[in-house]
Structure formats: structure tokens, C-alpha cells
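The structure appears below as C-alpha cells.
Chain nomenclature is as follows: A, B, C and D, assigned in order of appearance, with residue numbering initiated at 1 for each chain independently.
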Amino acid sequence: MRLNGVEIEDTFAECFDIKIARILITAYDYDLAEIAAREATGFGTSVIMCPAEAGVEGRAKPEETPDGRPGIYVQICHPNKKKLEQQLIARIGQCVLTAPTASAFDALPDAEERFDTGNKLRYFGDEFEKLLDIGGRKVWAIPIMEGDFIIENDFGVVDGIAGGNFFIMGENQPSALAAAKAAVDVIAGIKHVITPFPGGIVASGSKVGAKKYKFLKASTNERFAPTLKERVDSDVPKEVNAIYEIVINGLNIEAVKGAIRAGILAAVRIPGIVKITAGNYGGKLGRHAIHLGELF
Amino acid sequence: MRLNGVEIEDTFAECFDIKIARILITAYDYDLAEIAAREATGFGTSVIMCPAEAGVEGRAKPEETPDGRPGIYVQICHPNKKKLEQQLIARIGQCVLTAPTASAFDALPDAEERFDTGNKLRYFGDEFEKLLDIGGRKVWAIPIMEGDFIIENDFGVVDGIAGGNFFIMGENQPSALAAAKAAVDVIAGIKHVITPFPGGIVASGSKVGAKKYKFLKASTNERFAPTLKERVDSDVPKEVNAIYEIVINGLNIEAVKGAIRAGILAAVRIPGIVKITAGNYGGKLGRHAIHLGELF
Amino acid sequence: MRLNGVEIEDTFAECFDIKIARILITAYDYDLAEIAAREATGFGTSVIMCPAEAGVEGRAKPEETPDGRPGIYVQICHPNKKKLEQQLIARIGQCVLTAPTASAFDALPDAEERFDTGNKLRYFGDEFEKLLDIGGRKVWAIPIMEGDFIIENDFGVVDGIAGGNFFIMGENQPSALAAAKAAVDVIAGIKHVITPFPGGIVASGSKVGAKKYKFLKASTNERFAPTLKERVDSDVPKEVNAIYEIVINGLNIEAVKGAIRAGILAAVRIPGIVKITAGNYGGKLGRHAIHLGELF
Amino acid sequence: MRLNGVEIEDTFAECFDIKIARILITAYDYDLAEIAAREATGFGTSVIMCPAEAGVEGRAKPEETPDGRPGIYVQICHPNKKKLEQQLIARIGQCVLTAPTASAFDALPDAEERFDTGNKLRYFGDEFEKLLDIGGRKVWAIPIMEGDFIIENDFGVVDGIAGGNFFIMGENQPSALAAAKAAVDVIAGIKHVITPFPGGIVASGSKVGAKKYKFLKASTNERFAPTLKERVDSDVPKEVNAIYEIVINGLNIEAVKGAIRAGILAAVRIPGIVKITAGNYGGKLGRHAIHLGELF
């Protein structure tokens, strides 16, 4: 199959289950909401070595937010529910409570599974905290230096999807990168998904384990390394010299599919893109498969 | 003492010892270097609940960098050397190696104490990695999807300073915040320091332990909470309705002093600022004291 | 009337007729589209001394654009149709044609009145230009250094509204400014309007003519100058020390009303805001009146 | 000659004389200074159809500015002195006076030739304006809505250089663009120069007059149009598919040379760059020649 002249490989992205919390951070304006959101979701690309996978989902208009202020949705994800709860406490407590003018509301009000993160963090108020109602939400007002920090009492958790992905193969590094950036830009406009890697883009791929260094859990995937294409059994086409992956987490499989679709459509519009493919482990590791061919 | 009509309290900022690594991230351009730098230093406001304190120090011109590309200096800090080393591996491995076009160089070449972080991460190359010399540095080239990831073999660590600080008291929240932003902007132009909190600004202060919830290690400092000033024995002046703190970590005490000085000079220029003070624990916890009055 | 405790004065914003062209600039990604959009709409705050009033309206998702790329809508406005046409030629020719990866499409396809700006600019192609169809649009492809510049043959013009406004009065400059920024942020999410002043905010107000310097067409409105409130017959309340105006142009009166409403709702949420009012000339100069009280 | 493997053509950039004014815009912080600076320098790529050539030069630290606030230097350029003066009045009066918290100071204090722009704009104060001394400068304080607008009485003008340039030829559009962006980023760190085009980059080149449309003063330079390379006598190498030009104006020829040198060094580090050249008219139009080969 070809889109805009670019080959779309007949393969699938293999996705995994993950627990996701979704927080709505409001502030005076979008710049301030983004300051809190970026700090709270940093160091959050992959649970291989980061304490969570996290990212900015997008903007909430004032009419969507309980306090009528501009807002930003973020997602924090972890396969382990207990670790996710710890991350919520730490990331909200250290990066939103401390951020200028920021408040933290739940953005999964219909989720049955819930963390009482606000109830735990309110102890920071040392009994000066107060229970309030804002827009029908049960929130805590904790007196701090800038005034009162507002946090909702509890936050929903859902069973979401991690590892949605596609690979962009370019004739040189700048073309693959420009396509990756275009894809991330477009995905940023889609609800319910995040792209947790730096700038939404992944420069490195890995295989499970290693061939030479047996003590490793993961190592570079040499089959997708352009500088090795002459030396190993390679999946890099001859005219390709750089590859970027876009990794997408989302609240549900439909949202992730929509993001992959939109991202690919954006990527193939950039000159110098040779091929689009996706990453999987033959279906052995994740229970969700998104076939690229079925998206178009 | 008064600066631009604003009272500077006769007190001191109490600072602590911390281990600091300093990394120079280079990329195609500053935007791309910043994408890696922001991800690598996120979730890094305070070691109370973050795995490290981390922040962006500033830009490196191409002539300062080993590869002649634009660069950004970041600092990663932890009181515990072992934990700092783990953070270096995780933050570079997950947030710089994965970031588009980014390379990681040591920015403390004269430090005697060193981590061989590059030597540890190079195993990701599964024996395809190669040792190179770039600008006189011993670096590893690890084949990944975008090409080769370049990382220096080892990174220096120094005994730095954490918790440099001052407090900005404003007649309302926007004035205190505008002054805090002005201070952070100016400090961003100073070498060797970072402001690790969100946007460089701290909206909440804490005291050691708690009065009511005895199980807490830290709780809100009600003496600095403007919404409580009528109810408790308060340090908030009558005309003050919001306070922000600027926290500064740095490679040495002189750099931190310079940052506090420049930050205060910027803050007092904003209308509505009533008073500048600083945080300390009477000298019981940290071994460095920076007296505000001696800075001017 | 009061909103969030802030007085909304019982007055009206007086608006004027203006001709508006609306251009959809597409590019690889939003950053690149914005580079073209900002250059093309700069030096465009007021036709008093700028050659046009111009601003960025907002983003277009790829599915809204003829070429499937991310886009940004801009508006260029002038009361005089001929001058507006000249501005379109100059601003597209100098700031979009020259901008990396940018294309220029008409964003008022239903407008009956039209400029053949693309047909005029295509002569730059020196007979190498070609007529194409992109997404059902008649466009010109003009060979340039980066490849082909794409511009639609003709652009619609409508009778729009200029000078929609409201004033934010704050107890100090930072509070009035934070409220103005919050208002502009929220208005940026509303379709069909622009805020043409720097950052969307106006720091100065004017009256028609002058009292002392008779040769002037416009001079400062001393009744709204906080630093003169003790010296002149002033409209500045005693507790107010700074005022910002938000000026809104839009395709129709309903869009402008919606923007004023949303902007005021955002502004009154910022601490330190004392009063909201609006600017008019008693109805003598503009034929549209927007009464603040009727918006809520 | 080759740099990093890229051919540097043995040719020269032809530059022109131009009058330049340099303004230091200060504000609360860099974001606010930049808002004024971007509006004041917009619609300012080339005097062919823009009313001036204008751009942001770079940041001024608080210790460099008369009022101790963060600042941004901008340049406004025109070959005609009278038109430059008009542009200064219009751009400062409409885009700096109206911008939140912005002040306008002269940044060419040693220039003998001077415009009394501040003295002309102060009439806007309608006799409420006052003469003050700030940091040894003679400035006017004009009462406006946000408080007082501060503008220096007069501004220096110097004989500067326009049209410094080099061309980046890439194997595809994204590579040429990434190199252009890297070059602009690096040039932004160099004193006394601006890159007036959108994002600092020029996507189109022109020749004097036209071959087919004789009424035109300028038309596309088909010799540098990659999509025409098979159809015309072309200067586009076979493997090149996109070209961007960086245009530099500066206070003196040395600054422009330094910028071209630094920009080329940055550009050749990006993968996919085939050749660097420069634009000239055989020395017939401009009196300054910068030979690329002499820069290295």
C-alpha cells in the first residue's frame, strides 16, 4: 500500500496494557499551565528506566474546566497500579503543588477505579486545609505561600494502551525528523493520546535482551540501525539513512489508532520519506495489534 | 535595607551540600537541544519526592562545544552519590539517547570525581558501539535508528550547593509572580546555576515535620501562608497577599550568590513588591549561609 | 453588574466597519506555519500608523486544509479596499512566499468580493508558474529556491468588525497584565477573531485630537491614565493603578461579542482586578455598539 | 574548498549600503520584551515591498540596559533616511508604546546622525509628558493606560550593511531547511546582525527584472529553482533538490562576515548538505563583496 507515494508496510504495531491517570492542570493562562504540565511529565519516556511514562495530551478550554480557567490535560502511565499511585502523589505533590497558579483536577470522572491522591496530599496542609466544592467537584484548598493550592480529592484510573507506534524511514536524518515533527504536531491535536518521548519522537529502537552482552534486558535493534545496514542482516532499505519512531499511549485503542493514522498521513507529506512501518514482537508480548493497512 | 524602595530583610538563605553532574547536550539547533534537556531534567524539583533535582542552566555557543553544534548545559543533583549516578544513567539513557539529534558530553572536565556513565550506556550498542575522539574527548558512538548516538565516556561530579533561595512578597499574586518570572529570566543568563522548580518558581513553602499530622516529614509553613495570616502567628506582612520563592542550585557558593543578587535586583523592579526575604532553619540544617545584606 | 466580584460597567464597546481578508497558511508543521504567519501580520496593530491591522486567528487541523498539512489562519484588515489589496500582495509576497515550506490559501471561500492576489503574484514565476488544482482549489505553483510556492488564485474579502474592546482595570500593573494575558489566551481559542496589538494587549489609550497640541489627530486619553488620576478629571477608580485594553477584530459582530464575553470571564478570575469597562465615543464614530451587560 | 565535506563555492556575497537604527526594548521579562520586538519588526523582510527591513538582534542583560530590566535589541533598516525616520516613529509608536511594560531606548549612543523620535512621539502625551533622566539618558515619560511609557529622546542612525548572504543547497528540502535553521540559531548569538526574513530564512530567490513579464522589477531566479533544473540553464547541482538563503543585515561589514562564517559552519554540520554558495550581481549593484573563501 502507498500513501502520497510512500510505501506503508503490511505489518502491525504491537501494544501493551497500561494503567493511566489523567490530570487536568489549570492556571492563569496556558503558559503557566504548561509549565506545571511539562515539569510533572518530564523524565517519563519509558518505564524501562523512568519511574513512569507521561506526557501532555492537549489543551482544555475554560468552559471544559471546573474553575473556568485555561487547562492542560496530562497523562501519567504505569503498568503497575501501586507504582502509578506513588507517581501521582510525587508528580502532583512536587511539580503541580509547587507550580505557580496551578490547580489539579481529575480528568477521568467516569473511571470506577480511583486514587485518593488529593486526600493524601491534603495532609501537607497540617490541618489548615479545607474541603470545598468547585464546579461540583470535591476539592481540597491547601494554604501555601502563593495562596491556596486546589486539588481534587480523587483521581480516576483506566486500563489504557501503551506502545502504539509507527516508524518513519527517511532518505536522510533531517527528512525523517521533519516528518516525525509533523506527525507529532498533528497527533497533539487528537484527544486522549500522548507521545511520551522527547518532543514526541524516539531516536533509538531496542530489541529484547542482547546478543553479545547477555546481562542486558534490552539493547539496540541493529536490524533498524542505518549505520549498520551493510554489516548486519538489516531491515533498513538501501535508500534509507535515518529512522524515527513515534510512540503513542492512549486511553483506548481507538484513540491510539486515530493518532497513528493521522501521524502517518502527516509524515508522508514531507519530502524524502521512503517508507512507513511499525514495531512488533510477533504478537508475543502485547495483546493488541494495530495493522497499518486497516487504518486507511 | 531597601532596594528600589523594597525592604530587603536582614536575614540569610541557608544552603546545603549536594553532588552535581553537569551535562552538555548538543543537537542540530537550540530547539532540539532544549527538547532533550527539558525531558532529562523534568520531574526534578526537590529530592523530597523527586528522584533528583535537575534543571537547564543555559546555552552553549557552537565554539564551546566539542562537536561545534549548539548546546544546552543541564545540571542533575542529588545528595547521595550512588543515587546521582543512577539518575545520570536513567536520565541520559531514557531522555537524551532517545531524543532526536542529541549528543551528551561532560561539562565538568576538571572534576576529579567521575562517573563512567558513557561506558555503562555504551553496552546498549551490543558490541556494535565504537570508541571515537571528538574534540579531544573520548566518546562512544552507539548505532541507533537515527544514526549514531554520541556520548562521552565519563562525566565529572562536583560538590555543589543546593537550596540557595529568596522569597518575593507581593501585594497580590500577579505582582509576586511577575517579579518571580523576571528574577528567573535574569538568573537564566547566569553561568553555573539552575532553578529546579517549575518555571524556576516555587509556589509553596514547607516546614520540617508537622504540628497536627505527626507522621509527616514536611508540611506547609503556615507562617508564610497569606491566607492564614489572620489565624496564625504569621510572618506575612499585612499588605502582602502572595509569596513566591526562587530556589537556586549551583556549582559553587559564588555562583549561587550572584544568582540571588541578580534575581532580587530584577524582582524589586516589578510594581507591587513589598518585601524580599529568605528561608533558613536558623543554621541547623545546612552549612552555608548567604546573608542578603552582604550581596549589595 | 458583577462577575466573580468584579464590577462590569454598564457601558458599550463602539466598533467600526473594516474590510477583512483571511488567509490560511500551511506548512510542514505548526512552528513553520507560525513563522510565516507572525511575519505576515507584524507591524499591524492599528491603521493609525500601521499599513494594516493584522493578526493570527488560530490553528487549522490538517483535515481543514486543502493540502492536508497543519495550518494557521491569519486576518489582514483595512477600512480601504484598495489598500487592503496592496497589503495582501505585499504581505503574502514578502512574508509567505519567502517563508520556509509555507503555502497560502484563501480562508473565505464563500465571500463574493474577491482579490486575485494569487494571479498577481504568480507573475513572479516569469512564465514558469503553473496552474494546478489542490483540494478543489485553483492554485499557482511558482518555482522558487526551496521548490514550488503554492498560492490560491484568489482571496475573499468580507465586511468585518474592528475595534471590539474591553478595558481591564487592576490594582497594580502586574494584575491588570496577568488578566489581559489570560483574556488573550482564551480569545485565541475562538474562531473568526484576532487581537491585533502586541501579544493581543494594548497598553495605551487615545482620545481624538489633543487639547494642547492642536496639530495631533490623536493623543493620550488622560482620563484613563492612572499616573494622572490626581491631576485631571479622571475615569480611573481610586484603587486602580494600571489599565490594559483588549482590542478585537472579527469577521462578524457575533464572533467579536463571543470574544469579549470570553475575555472578560477570563480576566475577572485573576486576583487584583477591580473593574471592567469598554471604550466608546458616545456612538458618534462607529456604527456597532456591544453592550457589556448584554453579554452575560 | 570543503568544510565538513561540503563544497564551499569560490564566490562572493554582494552587499549594499543601508541606514540602520538600533533600539533597545526593555520590559518586565524577556517574553514581554520579545512581544514588543516581534510586532515592531514584523512585515520587514525586504524593502522591495515591505516598508522597512527589520529584525531582532538579540538579548541585553539587565546590566546592559539603562533601567536594569531585561532587554532585546532590534534593528530597523532602510536605504532612505527619511523613510527610516518615518518607520521608527510608526513602529515604536504603534508597536512598542502600545506593548505591555515595554520601554524604548537608543542602542547606538555613539552615532552622530540622530533622529529625535522620542521627542516627536512625546507629543502623544498632550503636555502631560515629562522629561526624565534614566541611567544618564534623556527620556520622556508619557502617561498612558498602563502607567508611563518611557522613550529616549533621540536615536542614533548608522551606515550599515544589507544583503549579506549565503545559500544552502540540500539533497532534499528538509535537510536544506534544518541546516538553515541551525545557521539562523547560531547567527542569533552574534552581536550587531539581524536575519530579517521569516524565521531568518529565505525560501525564494529573485533576479533583476524578468524575461517574459517585462513590467516586473524582479522575478524568480530560475537558475536557482530546483524544480526547473531539467528545463533551464541551471545553477542547481544534479543532487540538489532544495535551496535556502540566509540574508544578514548588520551594523558593519565585520559583523556580517562573522555571521556568514558562523552560519556556514553550522549549516555544513547537518546531513544532506551538498554545497554552499552566495548571491551576487557580479559586483554591479552593491559596493561590498564578501568572499566565502576568505572567511575560513
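Things worth noting here:
By our rule, a residue touches a chain if its C-beta (ideal position, glycine included) is under 8 Å from a C-beta of that chain, and two chains touch if they have at least 3 such contacts.
Quantities reported herein were computed from a predicted structural model and do not represent experimental measurements.
Common neighbours of chain A and chain C under the contact rule above are B, D. Greatest Cα centroid separation from chain C: this falls to B. The interface of A-C is repeated, with over half of its contact pairs matching by residue number, by B-D among B-C, B-D or A-D. With centres set at the average Cα position, the gap from chain B to chain C is 39 Å. If you average the Cα atoms of chain B and of chain D, the two centres end up 34 Å apart.
The distance from the centre of chain C to the centre of chain D, each centre being the mean of the chain's C-alpha atoms, comes to 25 Å. Each of the following residues of chain A touches two or more other chains: 28, 147, 173-174, 177-178, 241-242, 270-271. Chain D contributes residues 28, 32, 35-36, 38-46, 48-51, 54, 89-91, 93-102, 123-128, 142-149, 167, 173-174, 176-177, 180, 197-199, 201-206, 210-213, 216, 218-222, 224-228, 231-232, 241-245 to its touches with chain C in the complex.
Across the complex, chain B is touched by residues 28-31, 59, 61-62, 67-70, 147, 178, 181-182, 185-186, 189, 262, 265-266, 269-271 of chain D. Across the complex, chain C meets chain B through its residues 170-175, 177-179, 241-242, 270-272.
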